[in-house]
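Paired with subunit B in one complex and with subunit C in the other, subunit A is shared by the two complexes that follow.
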Partner chain A sequence: MTDFLQLLFSGMATGAIYGLAALGFTLLWQASGTINFAQGEFVMLPAFMMLAFMSMGAPLLVSFGLSALVAVVVLGWVFKRGIVDPLFKYGMMPIVVATIGLSISMRSVIRAGYSAEASPFPSLFADKLYNIAGVTITLADVGTFVLAIALVFATQAFMTKTVTGRAMQAVAQNTESASVLGINVPRMIFYAFAINAVLAVAAALLVTPTYLAKFDMGESLGNKAFFAAIIGGFNNSRGALLGGLIVGICENLAAAYISPAYKDAVALVIFMVVILFKPQGLLGKKEERKV
Partner chain B sequence: MKKFSLIAWLVAGAILLIAPPFLKNYGIYLLSYWMVFVIATMGLNLTVGYAGQKSLGHAAFFGIGAYVVALMMKAGLSFWLGLPVAAAICFVVGIILGFPALRVQTIYLAFATLGFNTAVWLVMRNEEWLTGGTFGINNIARPSLFGYSLESNLAYYYFVLGATVVMGLLLMGLLRSPWGKAFTALRDNPIRAESLGINTRAYTLLSFAIGAAYAGIAGGLLASLVQFIEPAPFAVGSSIMMYLMVVVGGPGYFLGPVLGAAVGVVLPEWLRFAQAWYLFVFGSAVVLLMIWLPDGLLSIPDRIRAKKQAKEASAARALSAKSMGAQA
Partner chain C sequence: MQKRTTLKLIAACAALVCAGTAFAQQTIKIANIVELSGAGATSGTNFKNGVEMAVKEINAAGGILGKKIETTTADTQSNPGVAKGLTQKAIDEDVFAIYGPVFSGSIMVSMAESRRAEIPNFTGGEAAAITQQGNPYIFRTAFGQAQSFPKIARYISDVAKVKTLAVLYVNNDFGKGGLDNIKKNLANTATKVVAEISTDSGQVDFSAAVLKAKQSGADALFSYSNEEESARILRELRKQGWNKPVIGETTLTGQKVIELAGDAANGAVGHVGLTVDAPNPEVLKFKAKFYQEYKYISDHNGIKGYTGVYMLKAAIEKVGKLDRKAVAQALHGLVISAKKYPGVLVDVAIDQNGDLDRESYLVEVKNGKQEVTTVLPPVNPSLFASAAPAGAAKPAAKK
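Moving on to the complex of A and B:
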């Protein structure tokens, strides 16, 4: 039982990070109908950005802030203007292919230009252990979980409670009537890309201490985040968190009780089951087919 | 135009027939490797380019084909039995993979197939008793045909070339048949296709199954070409590469895979000087290509033609405006 709880808790921390990355997917999808296949690399690159700022002597949190700024410009504005805007009119697949190309070049620029080795990354949290009823929990696990959840709920609150957030939702639901109502549509869409970029930097800050900074760390993270987003419901932000937690926990339990070799297949199996019975995801709404 | 394309075909065919004996062994090997990918991506082009199903799991079938042929040959069975069995197994698995496609579309399907690829790859890597795990299967023999040994690289090249031509002709026949028209109808507007009486479910499954069978045959040829197989070339990255090859060449163009596979297989050899930066160059090229030519390289002639027509139309309009001005 204590083993089980132990696995459950560490799975929750991983799952919250998956949820955080998945939230970026659902945001871009809702705001602009864009699927970003480079989402994992959007987490990988800020990790190296932060390492670069830290090697110049900036403390962890300062380099986090600087990286977030750079990310908003590069992963938000440049990405939107350079790739999404020109391709938008051709439908979804050219964007998918372009972001696949982008993920390949982001990955290889780090491998070729920096290093193929994994680099250590400082943790936000002290190396401390808690022992509650026989279950050992690290401060990093708790902190990661709490911060990730807080970020998801903060984003959710921003979307539903603030005027800007509501305007963004209006754009997502009906672009034309939103612009009739005087909402600056391109700006709202840019906000979504900017938030996605900041969430990616936050995910990098939380995930890299355990997984180390490596050129290909985005590959599995991006995949799991996507599976998590679909499991929870692609058009629902809370769904992303739910999906992330489900994937993280199940993966941890499967690695311990079934087989560590097939750990990476867990997200896939849940995903398959969910889309076969509820293609719109656990919390998602059905979308109409257009002729 | 017709005459020109006939000459182009003859020249290309002659080069492929005559040039290889003058090449070094590695060049011959590379050309054979390219042909194998042409067969595989021809299948993917049917699924993606003609039928419009977003499949990112093609390398799984490629791998299944390779492992089936390799394992059957290790069990003492003939290559000539292995190849059709590999194609048949891939056909059946393709139908099974097609079922999620009946429920989910576009990007969901892309990820479902990608997940399928991961699962197949995990089995190849972890089930050592069957696949040898990461050590792979080595010393795969090359077959002989009508008593001629295909052991030498050159002989095997001509065999792969022949296979590519046969598979190409089969695909061309399929695309010209009513079936082929049904596939494109499915891609262009699934709901209208359905209302025209096309059984969209059956054609969706068929497009996966036939595409998979092509990949299976390509995989079988690869096993005997490389004579050593391991899980790495059949991972998700390889599927994505094949998808890019189809899109870069031009999805829905018959010769798209020929060009796309050349970009994906032969071009890297020329980009050797870029070494570690090659993938960066490749990835960035894909992004730029998408922005400039979202329909692939083979859409260039169509674009030029469309531009020309637009020009002629505006010239005609100007002319008629002028003549009307003269009348008034």
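Moving on to the complex of A and C:
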């Protein structure tokens, strides 16, 4: 039982990070109808931004703040204006292809410009261990889990409870009607991209101490987050969190009780099972186009 | 008139071709085919930097037989298929020797090409099988598992007196070779292997693997994975409160691992064939030079690449001409003295399979640094009787 709980807690911390990255997928989908397959690299790049600021002497939290600002410009504004806007009129497929290309480019640039080797990354939390009934829990695990959940719920609340959030959803559901209602469509879409960029920086802050800062760190994270988003429901922020937790916990349990060799296949198997029986995801709703 | 111009042109071209050939003869081309990305990026980058530093030194000192060395570098992406293709490309470019790949799985595939072309191929790969296939053109620049595992197994059973051992290994040629060798060498000892835990190359989360080690109830853990994964394993061990010995071979206590694992690396014990912290003036000189050149401390792979070039130099100078076949033959059975060739850092003997023998070290990570606790003698000290003593093997002496 102790072992099971150990795996459960460890999986929850990892799963919360998957959930945070998955939230980026659902957010962009809900607000702009876009799927960003460079989401993993959107987490990788801020990790290197923070390293760069820290190498200039900035403390971790200051580096986080500065990176969030740069990310809003680069991963928010530039991404929207440079890739999504010009391709939006051609439909979803060109955007998907472009973001796949973008992910490859981002990896290549960091590999060539920085290094292909992994770099250590400081943890936001103190190096403390707690032993509760035989289960060892780190402060980093607890902190990561709490922060990730808080961010997911804050984003959910923003999207559903605020006028701006509702306007963002209205834009995603029907751009023309939203425009007729007087909503500033380009601004709402930019907000979605900006929030996604800030969430990516937060995910980088939480995930990089474990993943280590490396040009390809976003690859598996992006895949797991994508599966998590679909499992939970692509149009539901809480679904992203649920999907992330399911993937994180099941991976850990499968690695311990079946074989570590099948660990990476777990997300794929759950994804296939879920879309067979509930194509819209566990918490997802069938798309209804109304404003 | 037109005919004369054509003749002049042909003559000019012929002169250019001759000049080109003459120029080609003035250089010794070597190819670096290494892991600059993927799971082996740390190993390959260090190995390449070591090779390039040795080349720079040798060229500055006049080259080999008066000829400068010219290097090209290619990235295998830690992919055996890519490594094979790049080796073929290097052969087409008529290189004199090939350095790399470092990963065992890659060299096992690519060395068939260098063998076919009769080109000496130096590798940092440690899987025992690499030199057990009768390939006369393959040479290690570090111990293979057949040389290092008897030493670490002896430490586990006789010195650490471990009764039960869990083995955590990476599921590739390197890791599986390590698992086979540790089991083989512990077979007739008091130490029993009670758990074999397979992990993946590039794996991020080791919580289940470490839990399995804990569940096995073993007295100690033998961890055998690549650098980044080793660092993550050490961090997970600390996270789950593992307080028993963690023992490894070569990669577990490397500089990059210590850098990435931070405090979690403290206490890890390993046998290393090469370390920049060896109590040897030539090695310490290498450490300082490497740091000056690349602004970081080399791991064992940097030494592998660096000494590999000096091994080639010693063999070419023994043969006295640029003949690949003769150089490969000369390397077999060659004992290189560190006094005559300081670049090999430690006296080294190369056997008929291309395996090495030399002194090696037991190290422990203390306060974020690798400390040599014991210098272990070569497996066959009699080979070194004629070699000069500088930097040579010393009898095992516990500090």
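One rule holds in what follows: the second predicted complex is superposed on the first by the 286 of 291 C-alpha atoms of A that agree within 3 Å, B and C clash if a C-alpha of one lies under 4 Å from a C-alpha of the other, contacts with A are read in each partner's own complex, and residues count from 1 in each chain.
Note that in this section a residue touches a chain if its C-beta (ideal position, glycine included) is under 8 Å from a C-beta of that chain, and two chains touch if they have at least 3 such contacts.
Owing to the predicted nature of the structure, the values given are computational and were not obtained by experimental measurement.
When the shared chain is aligned, subunit B comes close enough to touch A:V96, but subunit C does not. Contacts of A:S67 after superposition on the shared chain: neither subunit B nor subunit C is touched. Shared-chain residue A:F271: touches subunit B; no touch with subunit C. When both complexes are overlaid on chain A, the residue A:T138 reaches subunit C alone and has no touch with subunit B.
In the overlay built on the shared chain, the residue A:N252 is in contact with subunit C alone; subunit B does not reach it.
In the superposition on chain A, A:P279 makes contact with subunit B only, while subunit C stays out of contact range. In the superposition on chain A, contact of A:I83 is made with subunit B only, not with subunit C. By the touch criterion stated above, A:P120 is placed in contact with subunit C alone, subunit B being left untouched.
When the two complexes are overlaid on their common chain A, residue A:A261 makes contact with subunit B and with subunit C alike.
The interface of subunit A with subunit B overlaps its interface with subunit C at residues 111, 259, 261, 264. Listing the residues of subunit A that touch subunit B in their complex gives 35, 82-83, 86-87, 90, 92-94, 96-98, 100-109, 111-112, 223, 226-227, 230, 259, 261-262, 264-265, 267-268, 271-272, 275-276, 279, 289, 291.
Here subunit B touches subunit A in the complex through residues 54, 100, 103-104, 106-108, 110-112, 114-116, 118-119, 122, 125-126, 189, 191-192, 240, 243-244, 247, 275-287, 290-291, 294, going by the rule given at the top. Every residue of subunit A that touches subunit C in the complex is listed here, in rising order: 3, 6-7, 10-11, 14, 111, 115-120, 127, 129, 131, 136, 138, 141, 210-212, 214-216, 220, 251-253, 255-256, 259-261, 263-264. Note for the complex: subunit C touches subunit A at residues 36-38, 41-42, 45, 171, 197-200, 202-205, 207-209, 211-212, 214-215, 228, 231-232, 235, 238-241, 256, 259-260, 262-263.
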